[in-house]
Amino acid sequence: MTAPLEWYLVLSAGVFCAGLFGVLVRQSALHFVMAVELMLNAANINLVAFSLEHGNLTGQVFALFGIALAAAEVAIGIGIILVLNRNFDDIDVTEAVTMRW
Amino acid sequence: MVDVFNVVEAIALVPLVSFLLVLALGNRMPKKGALSGIAATGFSLAISLLVVLDLATGGEVYHEELFTFVAGDGAGVELSFGLLVDPLAALMLTIVSLISFLVHIFSLGYMNDEGEIGLRRYYASLSLFTFSMLAFVYSDNLLMAFMFFELVGLCSFLLIGFWFREAGPPSAAKKAFLVTRFGDYFFLVGVVAVFATFGTTAFAGDHSFIVEATHVLEPDATGEMNTFLGLGEQAWITVVGLLVLGGVMGKSAQFPLHTWLPDAMEGPTPVSALIHAATMVAAGVYLVMRMYGFYALSPTALGVIALVGGFTAFFAATMALVKQELKQVLAYSTVSQYGYMMLALGGGGYVGAVFHLTTHAIFKALLFLGAGAVIIAMHHNENMWDMGGLKSRMPVTYWTFLFGSLALAGIFPFAGFWSKDEVLFETLQHALSGEPLLLVGYAFGLLAVVMTAFYTFRMVYLTFHGEPRTDTAASPEPIGWSMKFPLVVLGALSVVGGVLNMGVLKDFIGSENLFLKKWLEGKTISGELGPLSAEEYHHILESDFAAGYEVTELSPLGPGALALVLGLVGLGAAVALYRAPEPTPHMTKLGRIRTLLMNNYYLDEFQVWLATGVTAPLARAANKFDQSGIDGVVNGAGSVSMFTGERFRRIQTGIVTNYAALLSLGLVLLLLVFGFLGGWF
Amino acid sequence: MTDFGTLPDWAALGPALALGFTALALFVADMVYPKRPQRELFAGISVTGGLAGLALSVWYLVAGTGQAESGGAIQLFEGTLVVDGMSLFFATIVTSVVVLVTLASYDYLVDHPHQAEIYSLTLLAATGMVMVGMSNSFVTAFIAIELSSLPSYALVASLKENRGSIEGGLKYFLIGALSSAILAYGISLVYVSTGSLQFGAVTEALSGGVGGILGLGIVMILAGFGFKIAAVPFHFWAPEAYEGAPGPVSAFISSASKAAGFVILFRVFVDVFPYEVVEGTVDWVMAFQAIAIVTMTVANFAALRQEKVKRMLAYSSVGHAGYVLIAVAALTGEASGAFVLGSGMVHLMVYAFMNTGAFLFIALAEHWGIGRRIEDFNGLATQAPFACGAMTLFLLSLAGLPIGGGFFSKLYLLIASVRADVALLAVALVLNSVVSLFYYTRVIKAMWVEDPSDDLEIESQPVGLYTALALAALVTVLLLPGFGIAVEFANTAAKLVVP
Amino acid sequence: MIIEALLAFTLASSMLVFGVPDRYAGKLATGLSAVPLLGSLWMWSEFSSDGNALLADDTVAFGNTVDWFRFTFDTYEWTLQWNVGVDGVSLPLLVLATVLTTLALVSSWTPIDGRQSQFYGLMLLMETALIGVFTTLDFLLWFVFWEAVLIPMYFLIAIWGGPRRKYAAIKFLLYTNLASLVMFVGMFALIFGLGDAISTLGFAEIAQALRGGELSGFAGMEPDTLRLFAFVLLFLGFAVKVPVVPFHTWLPDAHVQAPTPVSVMLAGVLLKMGTYALLRFNFTMLPDVARANAELIAAIGVFSVIYGALLALAQRDLKRIVAYSSISSMGYVILGLVAFSPHGMGGATFQMVSHGLISGLMFMAVGVIYNATHTRMVGDMSGLADRMPYAVGILLVGAFGYMGLPLMSGFAAEVLIFIGAFESTVIGGAPLFTAAAMFGIVIVAGYLLWAMQRTLFGEFAVETDYEIGRAPLHDIAPMFVLIALIIALGVQPDIIYETIQNAVNPLNDPLALVVDLGGELR
């Protein structure tokens, strides 16, 4: 059985918006990163789903790359968040405002 | 004999050389350069006399282009320098160099012996002055005339402001230059207009602008000219004439531009003599004579000239009545006398004008130099009420001064009588044939005669007669030969000057003995004087396409007698009032009027007001507008940008979440816009 | 002209490979000397690598690899990579920046604990940037972009004890992550509607008609690139990142990374989404016109009132992104694509040198430790006339005065916008370049006109930084008379891309 | 090649001067600047061609053309050329520039007492740019030098200037830079309108194409509209440089703040760049637009004359007075240019040279007085003639030169302009415009004499406690040179005027316009 493709789109859009929402409201750096992950995965949903539709593997391959890159991104992110915590004793992204205007 | 015309340029150039010499090494020269000046002017005088002699004995008019100033390259008009030595110019050259020569000599006593400093500057300026004036006199076109006209103005500025360490002279110098500059503005417009109208400004030659203009107006119009602003030909000629007249009125101190002349008394007295008698002031009138053929074409212009002249003659005389300083009286008399010349020119009395110019040059120079002698004697105190009784103490000065005064007052048989009479007579001649303007001018002239005689002898009596009223007057400083010599020469001349043209007696001596008339009509020279001759002028004056004057034949004796009587009346009045050991200041009886006259009708105040009360505020307003208005906009743009910048930086709040929000906002915005444009939904 | 039959096709990737292998070599070297960092060795290796890359790309460029006259673009790996004039042109830009930056780092990192890492991260990022220029499919493009971004985050944050550096890194990272997510989603939508990610294939698929989904995707991709080139409103990370990062790093990301962003932007929008095809759905020329105007205006005006020189330069580099955007914003029907695009490319080339130079001067100032505010530069010229002279040169060239190539490249952009008949664009460019002239001269004034404060004095004249400055200055000046050559390459390269 | 040689040498010597120690810089720079001076004088002596370089071929002297780089656009392909050469318009200005530079350098010895090597280096750098401006005949190349002038000027004002030097310098820089860009846009609109009609951006080619009526529309503008549009942009761009009221406000600030030698260059040469460009572009390339709007332009010129003079009347700072009177004098140039009559254009060009010399003289004299008294305010001093006779004498000469005293170049220039303007057939009501403009000569006499009387004459008194002594010879000498030149040109203008006329007269011929575009030709 196959669900209509539109549903996938709707789903991915939903996930994307959820992620964006998270980005906008969460102050903790970790949550921020997680939210971004959500958005990336939204993209992956599209890719995988439509790779089936289009009958080529490009989408799935790209999805894999996407996951890998997401991992790398998180790795860097965690590192930065660590030093952030070391310097500002906090991982609240809205605290680091020594530079502005 | 070597042809004198080969060296005629030298008449002006030698003084120029002397100027350069004195300027370069004046302080190392004997008498601080006075001698070189004397030598130069003496040389000029000699040459001029030779020229006169030559012309009187059948020489030819000398007219030649010296060099090209701007070639014009075929496309534009050509600007050039040239020489024109006709009888008029020759006469004027002689007068100028003579007066200048004597003034130089006089200065030896007046400046050197007084131990003035800055003599190098003084003599350099004098030489330059002489050079400019001489060059002006023999220039053969209007532009060249204008250029040296201006230089004359410059020199008068330098000389009037000679004592620059005091407050008065610099201001007087500035005034003199500015007022004449104002006149010269119109003159320059006129020059440019002549260029644009006729394509040439030559005075003489077959295609001089004067000839062209005549040909244009003649019934069989053969000449060519452009007119502007949609004016007719005669109208445009009138306009041009009046424009040039502006310069004349400035330099010759005609109402209302006469105000600078009395102030110019701040300069050293010899300079005053030079300015008043022969150079600066004479330049204006001479210019009208130079292009008389042009003015003769326009009755309107002539009328204006006559009226201005007559009025000035009267107007200035009134002010001279009440002055207390010796030189002030003389100054106003100068203004008045030049008024006569203008009156004559306007009234068609070309010869009379030239005649009066000549005699006036002599006796006015004499009077000023005499006054200078008195001033030296009085230790630079000029107030006549502090003098008196100098007659016995400085006889030479007295007698010469007396002759001068008689000439000025127009008493028979002194020079002034003949010339002034000529002026009035010729004006009357044309006036009676229905020229109301001229009649008015003539009336003014007659009134002025009385007053002239009066103030002249008021001056004489206050200065020389009665008892000394101060110690200095009691024991005046003696003056040297260098001052006496010029006085004697001029004194003699002002006695006999009249023989030049005894117009009053022409019925007895016959008109062939009116030397000046013959001279100016070119009877003495070989070849035709053509459009430059007095005859031609009268011809034009009386032809209908031009001024259209008519001559009413009447005997000169009547008017002559009338003028003489009036003069004697004035003289008598003066004698009656001031012939006392201790004369009383009668003029105070005039009360209000006297104050008005003392203040020269407040004309100076009016002009000062024009400058400080009108122009200056205007300038300040413009400046304010410039600073706050225009520049305000410029700087305002700057501050606005700064403000915007300040706002824009604030967008960068530093909080990363806001960044994310703004970023997404921007994205959404783009999406919506293109969603609608692209019609996605 | 070299005949390319002799070399295998993959050799065309030379520049990228050179950089990549250098990075690896650095790791090795670091492993060999774990304890005491070998400044000379590390710097030497990276500079050599950079030079190698530069040499290769210039050689290829001159030899005409992938140019029309030598058989057109070289496609590799099923056409997921492409080497043509444009990619080589940008490879040249990136590699030259790398050379300058690594030279400068030699002094800048003098007592930095982890030098090898920094060098290798720089080179890795550079590899990514070169790859961006060579990528011919959304997959490779995305990967390459990430490869250039991720090391950059780390580089910005590499001063672990410096709050500014950390903060900058954080912001750069967070915004970057967000943008890459958006980019990825956009790409996925493109895939959704076309079923392929290879550029050529996508373009072909477009002929089947363009739908809203695709439009959505295109706009999101635009946003993703917008982050990379720091165009308003995707620029917010830039001021902090540039200000916080170590001097050489700021120089690197502000010049090279921006260039990388632009090359992919050019390629994708000019090549993959041809204006005439997608016009109906997404009028991207209009979008870029709006973005360009907003970018240059906001950035330049914000720069007016900055106190810190580095932050001011950061804004100026955002502003220059706005100028370069004219290259795509002026691609209206009339204008000659090759010329407009070429103008943008050549401006990036000149900009790479003058902007890098300026930031390196800041690095020098940080190295001297004379403070970051404009007043701190007062009278610096009395102490270091040469360096200040170079800085003046960079700034005036950035302002577009005829002392460096910046003069011509800016005029070319102006000409382009005049030609494109987008009055607003031209007006904005003129006004903004005058505004920028004002704030650039503030620094110049401080250095030359103001009197030095008493405690100002310079103890050292680091050889590496000075060499880098001298090189940058030299090239900037030479690009004035030699502008013709640069613009020739740009135009020919652009011709190939523009349909 | 002589021109290249001059450029190269001047540039090289400026670099050299940057290097030498401060105490040698002055003399060295002066010595080096003698070379371009002699070079340009040699060019003068060798110069023999006549005609306008933009209107006809083989009228360019010392010309040299080398392809620089291609400039491909759409279907067009324009070659940018290294294209230099001089004609009767540019050569006098070139000589003016070199002469004034050398004299200004000498006059800097006293006032410039710090960072000399930088100062003299920058001066030579500016001379290089100026030589370039007056000798290049390709638009982009010319624009390089045109803009390059700004850089040294900015530093010269900002570093060695007066109290408000920074403000003045940045104002000058921004204002003129904005103007240049505006002008550039206008010019390229024209170039695109010409399209295939031209193969290079050489002045001559553009001018001939435009006068030949080969302009096609651009950006939705009809040719006529485009001409007007471009003309306006160009005029705006140059009006700032000239400066024409109301774009003049940078000038007084720059002049007053700049040190004496820089003011000399600014008034003497930089302002002439504006009028030179107006002549080259607006009045040579788009004469029909100029003719069609002659009254408006003439009115602008007249207004500049009177307004500038009025402003000068309201100033107390001697330098400001001279600065504002420059605005007035430039107004005459505008009037002369738009007259399109033989003496109009020639007189205007002659006035550029003459005003360069006279204003240079004035600024130097004021500078010398300032060096002695450390004040320039009328009212802070009086009777200076008592203590510094030479400087005062020179100042007087300069002042009378400004007033247009005959036998000095100023008079020749002005009277020529007046004649030209008066008989202009292009300006409707020309006599009235001329008469109005001429009233400037009265006002100028007014404020100059007023200032002279207050400062130079009367009892000696100075507000400052400095010892007032005679000025050193090397301050006075350059001014004597200027006086000599001014009088020489005043007595015999044809020394340069014939050359100028040969070059500008072709511009007056309406028939030279092949077809009539934009307004009927008058």
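Residue numbering begins at 1 within each chain, and the chains themselves are lettered A, B, C and D in the order written.
The criterion applied here is as follows: contacts are C-beta pairs under 8 Å (C-beta built on N, C-alpha and C of every residue); 3 or more make two chains touch, one makes a residue touch a chain.
What you see is a predicted model; the values in this text were computed from it and never measured.
Taking the mean of all protein C-alpha atoms as the reference point, the chain centroid lying nearest to it belongs to D. Taking the mean Cα position of each chain as its centre, B sits at the greatest distance from subunit A.
The interface with the greater count of contacting C-beta pairs, when A-B is set against B-D, is B-D.
Between the CA-based centres of subunit A and subunit B the separation comes to 98 Å, rounded to the whole angstrom.
Centroids built from CA atoms put subunit D at 38 Å from subunit B.
With each centre defined as the average position of its C-alpha atoms, the distance from subunit A to subunit D rounds to 65 Å.
Inter-chain spacing, taken between the CA centroids of subunit A and subunit C, is 26 Å. Multi-chain contact residues, meaning those touching two or more other chains, do not occur anywhere in subunit D. Shown for subunit B are the residues in touch with two or more other chains, namely 649, 652, 654, 656, 660.
Chain contacts: subunit C has residues 170-171, 174, 178, 182, 239-240, 438 touching two or more partner chains. Interface note: chains touch in the pairs A-B, A-C, B-C, B-D, C-D.
Across the complex, subunit C is touched by residues 9, 12, 16, 19, 23, 29, 32-33, 36, 39-40, 42-47, 50-51, 53-54, 56, 58-59, 61-62, 65-66, 69, 72-73, 76-77, 79-81, 83-84, 86-88, 93, 96-99 of subunit A. Of all residues in subunit C, those touching subunit A in their complex are 138-139, 142-143, 146, 150, 153-154, 157, 160-164, 166-171, 173-174, 177-178, 180-182, 184-185, 187-189, 191-192, 195-198, 213, 239-240, 243-244, 311. Residue ranges on subunit A touching subunit B, taken from their complex, read 20, 23-24, 27, 93-94, 96-101.
Against subunit B, in their complex, subunit D makes its touches with residues 171, 175, 246, 248-250, 307, 310-311, 313-315, 341-343, 346, 383, 385-386, 400, 403, 405-407, 411-412, 415-416, 418-420, 422-423, 429-432, 434-435, 438-439, 441-443, 445-446, 449-450, 452-453, 456-460, 492-494, 497-498, 501-502, 505, 508.
Of all the residues in subunit B, the ones that touch subunit D in their complex are 67-73, 75-77, 79, 143, 146-148, 150-151, 154, 161, 164-167, 169-171, 173-174, 177-178, 181-182, 185, 188-189, 191-193, 195-196, 226, 228-229, 611, 615-616, 618-620, 622-623, 626, 630-631, 634.
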